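Take this structure first; my questions come after.
Labels A, B, C and D are assigned to the chains in the order they are written; within every chain, residues are numbered from 1.
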């Protein structure tokens, strides 16, 4: 196959990228300097050699230590563990400067049609939940059906282990208009009024 | 002025309607039957003669009694009063079947640039808040800067009158993704975890 | 039925208006002055008494004469007739200041599923096409399947009457990008190159 | 810098990609197999070694010959040359199966603010226009201000060389509605009626 076409097909597998934008990526690279192309190729290769998974929170990181910066930071609250769906959600929560506990990345959400939990790090989560010193596990999944279904599975898996299990509060989020809010959100907003 | 143009200008003043759609409304009426046009004209006129404002909650209604259906319903919780920005928000909350207290419509939100409270029924709200039997007033404005500024004005006005003042809970609303949530929403979601 | 609800249902029949915006229209009218409501009701009523259809071009107008301003303007090119789908298309073409001939409004396009021509003024168009002095009829329908199907019906109806039948030229329209243009448009753009 | 961050910054330079999607690309690659990452790195590298520019039409291609498939195809109409802005536009025109002449890629459009023609292959185009056998050059740029300004520059550069210079026809493009068409498009549609 034509190298242009072959590369275009690889870009089509990127999240959110269709054939047209994949082709545009290749055209962009063709017009770029050989140096930039080499940097990109090296950067992609470097993921395999320099990136590893933190054995504590399971996120990918490039720290020289096996354990990532967050998990090896003694200043964080070791008694609180947030369980997140993805590295991206972890980074979003960290960026908000509102959370100072520990993290665990489950690696996805349950697929509702198939109810498959394949690829979810449930075994690793259970083992992490048993570590001493943990007092609360806050399940922090998105507020959608996949998130809710995965929350209920995680709750089942963790029940009886010890730490208190909580979930993120629901209510109006910034920008919510009452007129367009769904009944579930209004109910939570009323229940959580204060 | 041409009656087509004059009517089009009136439709342009409707919320969310620009010149093009206003013209389309007139064309639609031109193609409609005289009966439909008469029904519409009568319907608009009927608002003046049959609709009145409830002296309790201030919303517009067509009940034969001065007081509206909700305010005259003895089955509702008389100790709880929700303060809303508009009739539309009141109807949205009612449709959600999650609230069974009383209502009060403030008639708008503060305009942030001018800080004008003109048109807001603050005096009527104070007087309503003094009615006996009220134990809690839940301020239920949209989760945006105008809503927040109006909440703080309403809190000031009502302070010391007696009933407990609460506001709707914040957090993830249905469909919220952590990755796109703002820090304020994440903070509330963490604070309200349970 | 409640007058608010009844009026809301009438607004829902307006083109492009759903239940929510229809309700917002009623709320807007409730908050408006009785004067504005009376003006609107009168304006709607006035359509029945002051607006009539031009017997030449069939569009709705408010001129005191039976014949509309365009059709009674001796300065326009009487040898050229544009056939349009709607009053709105006629006004758009007039606003562009690119056309100085006469007009005829067909009153719609064929419905592709049913192939119904009911409501289309085909008989009136034929009779108009036979008026002396006409040398060219330009069919000016939108460039979509309904427009194309109606063009072919109108061509059939008018064939043999006398005036030359033309249709609007196709090609790139302002803002068109080659990369996103469909083959039909590219073919026309190539055919019409100059 | 962190390899994740460094790669993310490279993806941010891709056309249409912001920081968030760039990060998502990296996360996708982290979750992918080492094999896919190697394929992608090799594919990017391969552009430098296997892709070259056709000396006739200036597009990038992977054919073993210096000259690309289109330019070396004796079956194409050698008397007609289409001048396009980009490889993507060339491929779009080819895909439409409406053009069977030769191609030339200018490599961009004039930047309106700066009026810079840097990077445009004007010298190469002039030299290509002088090749014997050419009878017509059709300038096929997008129908926008940049395209129009570049058309006028290309016309100037090519004037007096010999071949007839044409541009793509304007008019209604597929899907155009008269009501929303701009005056320029309506004028062209009227001028090109047939």
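To be clear about the criterion, contacts are C-beta pairs under 8 Å (C-beta built on N, C-alpha and C of every residue); 3 or more make two chains touch, one makes a residue touch a chain.
Since the structure is predicted, the reported quantities are computational estimates derived from the model, not experimental observations.
The most distant chain from chain B, with centres taken as the mean of CA atoms, is D. For the pair chain B and chain C, the distance between mean C-alpha positions equals 39 Å. Mean C-alpha positions place chain B and chain D at a centre distance of 53 Å. Across the assembly, chain B contributes residues 86, 88, 179 that each touch 2 or more other chains.
In terms of which chains touch, the assembly is arranged as a closed ring, every chain touching its two neighbours and no others. Taken in their complex, chain A has these residues touching chain B: 84-86, 88-89, 92-93, 95-99, 138, 140-144, 166-194. For chain B in complex with chain C, the residues that touch the partner chain are 2-4, 6-7, 10, 13-16, 21, 23-30, 34, 36-48, 50-51, 60-62, 86-88, 91.
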